[in-house]
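See below for the structure under consideration.
Each chain carries a letter (A, B, C and D) given by its place in the written order, and its residues are counted from 1.
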Amino acid sequence: MISNAITLMIAVPLIGAVLCFAAKSQARIVALIASLVPLFISLQMYTGFDKTSKLMQFVESYNWVPSLGVKYTVGVDGIGMPLVLLSTIVSVLVVIYSWGEHDRANQFFALLLLNEVGVLGVFTSLDFFLFYIFWEIVLIPMFFLIGNWGGPRKSYAAIKFFIYTHIASLIMLLAIFGLYFTYRMPDGSRTFDMLTLIQATSDKVLFPPALINLIFAGLLFGFLVKMPAFPFHTWLPDAHVEAPTAGSVLLAALLLKMGGYGIFRVILPMLPNVDKMFVTVIAIIAVLSIVYGAFLALAQKDLKKMVAYSSVSHMGFVTLGAVAFTWLSIQGAMFQQFSHGLITCVLFMSAGTIQHTVGTRIIADLGGLADRMPKFAVLMLAGFMASLGLPGMSGFVAEFTVLAGSYATLPFYTLIVIFFSVAITAAYHLWSMQKVMFGPILPKFLDVHDAHTYEIASMTAFILLIILFGVQPALITDIMGTAAYQVMEPVKTLAQMGVI
Amino acid sequence: MVDLAHYAPLYAEGLLTALAMLILFAGLFMKSKSMMGYVSLVGLALSLFLVLTAKTGSIFFFDTVSVDPLSQFFKATFIVVSLLVVIASLSRYKESAGGDEFYALLLLATVGMMVVSSSIDLITLFVGFELASLSTYALAAFDKSRRNLEAAMKYFIFGSASSALMLFGFSLLYGMTGTTRISEIATTLTANLGPASLIALIFVIAGFAFKMALVPFHMWAPDTYEGAPSLVSALLAAGSKKMGFAAAFRVIFVAMVALRVEWYLAFAILAAITMTLGNIVAIWQNNVRRIFAYSSVAQAGYIAIAFVVVGAAGTLPNSAYVAQTGIAGGLLLILGHALMKTGAFIATAVVAYMVLREGKTDPDDISSYAGLSKRAPITAFCLLIFMFALAGIPPTAGYIGKFVLFGSAINAGLVWLAVLAIINSAISLYYYLRIIMYMYLRPATGPKIVEPKGYVAALVLTTIGVIWIGVNPQPFIDYAMQAAAVLLPH
Amino acid sequence: MFSDFAYLIVGLPVLAFVLCLFFGWHLPRGGGFMTVLATFVGLIISWGIYKEMPALPNGILHQSMPWFANFNVGILVDPLAIAMLLMITFVVTLIHTYANAYMDGDPGAARYFAEAALFTASMLGLVYSDNLLQLFIFWELVGLCSYLLIGFWYRKPSAAAAAKKAFLTTRVGDVLFLLGIVLLYNNMVSLNLHLAPGEYLLQFPVIYKYLALIPPTQLTFVALCLLGGAVGKSGQFPLHVWLPDAMEGPTTVSAMIHAATMVTAGVYLVARMFPLFYAAPNALTVVALVGAFTALFAATMGLTTFDIKRVLAFSTVSQLGFMMAGLGVGSVVGAASVGISIFHLIGHSFFKALLFLCAGSVIHAVGTNDMREMGGVGKYMKWTAYTMLIGGASLAGFPLTTGFFSKDEIIVTAYEYGLAQSFIPYLFLVLAAILTAIYTFRLWFVAFTGEPRSDYHKHESPWLMLGPLCILAVFALGFGIVAQGGFYDYVGTNFDHYGVNFAELGVIGGHAIEDAEGVAAEGEHAVAAEGEHGAAAEGKEGGDAGEPWYIQILPIIIALGGILVAALFYYLHKFDPSMITSERDPIRKLLLKGYYQHEIYTQWFAEKVIYGTAIVCNMIDIKIVDGALNWISEVIVAFGGGVRRVQTGVVQNYITAVMLGVVVLVVVIEIALQVGFV
Amino acid sequence: MIPVELYILLSSVMFTLGLYGLVTQRNGIKLMMCIELLLNSANINLVAFSANQPNANGQVFALFSIALAAAEAGVGFAILISLYRLYGTIDLDNINALRW
């Protein structure tokens, strides 16, 4: 087992990014190597991971700013491990997918790597100070990806994305201060250690209801915006529509997951200690995100925008499963994070490939592409099927688990979701699929060629993973199951919290 | 016969003063002015060393001058700023006539600031204040272009008016307390609180606020920063602005501790207005130096939170700790902002150099920054870092400063102020990002240039500093905490 | 020995799927033989298992392993399942064989056989899943494959649309199915059972075992939700609209979907969950009514269309209605109804497959679906004609054919049901039966007799196609007589292997009151459950005893009468349809328009209601949710624009500002102090 | 012995005059004079206050400020002269290129 695995995993892409800037022409190769190394490390970690332990693993901790109680502490548990795995996988495949990027390639790939650094940092850091730093660092590469390689309204989208999410993180930061200044270690010193602080919130004397609710709301806001959940989702469509394909993929597959991660890592353990009203609020937000997002997707004319809204809808399942707070639902929500991370990649890659092979993403202008791009059509179809929750693919497992788990505690909301989202989701996927791929090929597309090999390769890899985890979810749900127990340790169910 | 060793802690000031005189004198005969630059460079470096190694905790000159962590912290900041400016000006004032005056004035201004930062008597404080002001008035007009002169004129009128206000305030204070020693004022003022005390307080605040550029005492700043030579703007924004804080910290916190509630209110209002107004007006600017000017107004607003925190801390159980973190946060942001703004203005100097070589006018217009990442990569990258730092993106000096400061605000229960502050830093993102957009996302409008070495050196040093504070804040935080402790009642 | 290879029944077709998908392009006929082979081996294995089953612990084959969380995957082969397995593997093998000829030369043959193989695999998997979740998974995969196969000629817009319609409509049903599973799961959880290792909440044996503990109302909800799923898949009213459109696919696909695989899934689900339905009050009634109504409703539509395949499609819907009704009326005869219904299902699969394949071979020759352009085909395609005749007879319930026995059984049971509860289902079924006879033979007469109404190249289909036809014809004819009695016992006693106590369930379901004798029968039957010859038969015979002779022979009359009518109209041309109905006849219009389903479902519901809502949401999102943000930012910017004007550039004004600042500060602070703000 | 209040009165009057001038006058020289008024009002205060104080700090302060005022005037006039060279006027209302 590698020592300092996590630090290494974060450091390698960072160095890789610098090298990429230097390596003018060979940047993509550097990038590939620099993203493969973390993948191997994370696989190593996965194999070495003790699936039954609720403790942090691979922990590294060094003093950083003693006078503020800031430590460099990293480690993974059942909550972080799957996402680390996801991040490394996605990063590699995205690099492969963008193999054909020649416009300032060195900067492009460097930014991809920087993004990986930030995301991995968020998923592994156990110190709020460190956590926040990575949380913010992630914005920068994405800002440049959108702003530099983006579409016509890239400036607007990039700035909106940056400012909107930055406000959210700052409010989160204030909430973190609330925790930090209220709690003192037994020896009187202060700490930014996440686990300690979160645990401390159960102290009713130290954290009177008014205070803890305020703090909780702040943190929640920070995470919900990243998720993104209704009504804080409006930065997402703009960012996605303008971003380059690789950017959208990373955005949807990894950045959104940061919000979910925050929910599991911070929000859920605090949930028992805060006002019960929050559960209702979050549940409503979740349901709205799912249903409203699905309807929005149905209304879109732009394929990519449709996919973007579909992520809003799917991430709603994460929120729902999380707040339902049963062992099964939490597990499902975690798995939804993982599976959506894989599926959405295929979706955005499809939209991207269509964009730069055909030249438009407007669904109405497309038609009969399957005729000219059969391989691609199969992959896209597979991706869409996965996204509409076809069994045998990871999406179904996740959503079924969430629903089955949530019904126990939030029957009403679950019913709404089942009734209004499942069919609608199928509707917009199939409708766009039929319009874009099937039917007679439009004359203007007669000379369209099939997608590039590297695009096909990376999409195929994703599909295979989706099927793998759809058929054998236990590979990852075992870990999540333990994590779910660990999250629920303070209190077992909402009923015991007096919510229902 | 005075024992020189006894004055060891003040060698830095002495050295710089002497150097200034020497340069002026030498300027009469020597033709090569760049020589002067290197001399003052060495002198500053040396004095920086002296400051950092000076033995603190001693008082001089009939206890009017104190050498303590606080003063050393400020002195170090000022010297660093001047150092960077000098390095940059090595490429600017190479052979131009009057280079020697430039360096001399620069050094004198530095000395003035240093005196202010360590004076514990209103008289020395005022003298130092004026020394710095007068030298910077002259510097602002240095290139004698129309813009320079207008800037200098406004700066001068405004400045002398406000220092007159301050003096009037001092006189009232003296009248009420019968002393000019800050510590004594503190003890006496608690005794008799007259209605005049409020007037005095506000006048004093007005005087300092002019240097700190708090709204509505900021109005000279945008014009002057825009009009004055870039390097001087750097000195003003980064150096003399901080001198205002140095003076205000001592006078407000120590001398006027009895008027805590009053200045708590005053600064709460000032801070709120300042940060908001600075930011929303900056959004409208197209002149980059004016953007920086307003941004530094906004930053002054953030730093002013330190006063509010200390004011609010008075009643809290752990008031000492809260106040200390508050001041420390202020100090860290002062240090950080000094670096960032110096860098930013030096960068504008590079752009000006670049544009003027092409014979174009109006070098500071944001359109000149289009595609800077290709025309002057190093400058662009450094400016990028400064922008993110000013916006408070980790891991940079700007972030650490805001982190501690806003944290202390929360700690003092000033949630409304903290929220306002973060909303403001979100707004400020807009114009910082706008500059970045121009530098990195717009096509270049001209060929790649060779960036002057002096500028590059200064920029790179500054960048390293900004990042270093962000990555390894520990020593700086400790230093700031010690410095803050000086101001707290023992 | 065969039991150990049960997984191959699904495994081999999956393998075939992969092989065809990747290598089929290079093989003759798209590698169709692999698909055939895979299915055929499946048939052999199933047969082997069938032989071994009695030897196995309580007569069923059950293998299971954990999957994830607290769900499992497993194989459960009991009489019900094995019957289905044999039927499917058998029929599908024939269909695939036929397809080898039918799809020959189609560029997409490989894709066809790949998808067909997957289709088969999913259906087989569905049948022998040992838990509800796994069943649902294969259920959805079946849906996917139908989507792919119906849309096989995806360049045809109509095909693409039909595929989408099929998927979406069944999806609506699946929503309910999913909900049913979620409900059932949570009910099982809330029982806090202490499960033995290897037992899982959604396993059928476990469900059967603890059924009685679940509150009846919940049971009803679950049952109805599951029924919803069944309605969607089996094309029952009101979710039947996709079935006729499903004709867009190749005929062999229609044959698979309609005869052996997809549509039977719904019926199978209800049969599989029969104890639950039985225990749930009123659930079975709904099943009966839905089934009966659909049977009649579809039959009426079958009367009017001229598309040969659509006629068959409607007949399928109608026959599925019979099966559903057969299950529904089970409230009086208990588990025996499963036997009855499944018997009809299997018989139907034979003759319906036969009919479709014949139609296919006709279309293959004639090149059109419209029977008005055919006519006299019989002269040129003897084999096709006669096999089709057999199929038609069986469908119409001509005495001694398979269809006769099965349908008769259902109708008779419906009569008993009538005695016990209501005669509505009986009525509907009888009418439906008459219509069935009529439209079936209308089809045959119009297409195969008389003079050609268009010039088509008149040749018989190749033997590769005729072979399957003949085999199926034999079964369509003979299966009934041979299998009948034994089959009822065999499948009807299916649940005894799990020791399901129908008496107890009947009490929960509230059948006791209505039909004492039935429950009595169930009672003793439950006692004698372990007996080899199931008591369901007794129950049935007990029922039969009470019936007057005219009920017994009614079906015969119906069949013959219907055929006669059809003959009068379309063969002997004694009458003309126009004599009864005119162009302007509203009823005729209604029938031709298919009850305006398209207008209601697609144009109104889908396009107006759903899409309209979406548009509204989009408006809200742009105008309000995002609009608010933009508004705020605009306000801020505008404010800044106003404020900056203060900076006039005249230094005196600056000084003024300072003065004002000082004054304002003093005043404000003074006031604040007076007010006692701090 | 004149009571200190009168001095304060005088200084306040001077101060106010000075401010008034600063706000209203346009000519650079006049502005300088107003500033001098301000400074001197402060000086009067200092001296007056120090009259009835044990220490002479006030007077010392006043001396310093006078000296500084002189220096200030020097710098000020320098600026105004070069201003005049460039603009040909010292009417400050017209010198407002830098604004907004």
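Heads up, the rule we're going with is that a contact is a pair of C-beta atoms (placed from the backbone, for glycine too) under 8 Å apart; a residue touches a chain by one contact, two chains touch by 3 or more.
Treat the numbers as computed from the prediction; the structure is a model and nothing was measured.
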Shared chain contacts [chain A and chain B, defined touch]: C
Contact-richer chain pair [B-D vs C-D]: B-D
Distance from chain D to chain B - Cα centre to Cα centre, in angstrom: 26
Length of the line joining the C-alpha centres of chain C and chain D, rounded to whole Å: 98
Chain A and chain D, separation of their C-alpha mean positions in angstrom: 65
Chain A and chain C, separation of their C-alpha mean positions in angstrom: 37
Residues of chain D touching at least two other chains: 22, 31, 92, 96-100
Sites on chain C at which at least two other chains make contact: 644, 647, 649, 651, 655
Residues of chain A engaged with two or more neighbouring chains: none
Set of all touching chain pairs, with the criterion as stated earlier: A-B, A-C, B-C, B-D, C-D
Chain A - residues contacting chain C, complex: 164, 230-231, 233-234, 292, 295-296, 298-300, 328, 331, 368, 370-371, 385, 390-392, 396-397, 400-401, 403-404, 407-408, 411, 414-415, 418-419, 422-424, 426-427, 430-431, 434, 437-441, 472-474, 477-478, 481
Complex interface listing, chain C residues touching chain B: 636-637, 639-641, 643-644, 646-647, 649, 651, 653-655, 657-658, 660-662, 665-666, 668-670, 672-673, 677-678
Chain D contact footprint on chain C (complex, rising order): 644-645, 647-652, 655-656, 659
Chain B-facing residues of chain D, complex: 4, 8, 11, 15, 18, 22, 28, 31, 35, 38-39, 41-43, 45-46, 48-50, 53-55, 57-58, 60-61, 64-65, 68, 71-72, 75-76, 78-80, 82-83, 86-87, 92, 95-100
Touching residues on chain B, where the partner in the complex is chain C: 153-154, 157-158, 161-162, 165, 198-199, 202-203, 205-206, 210, 215-217, 219-220, 222-223, 261-262, 264-266, 269-270, 277, 279-284, 427
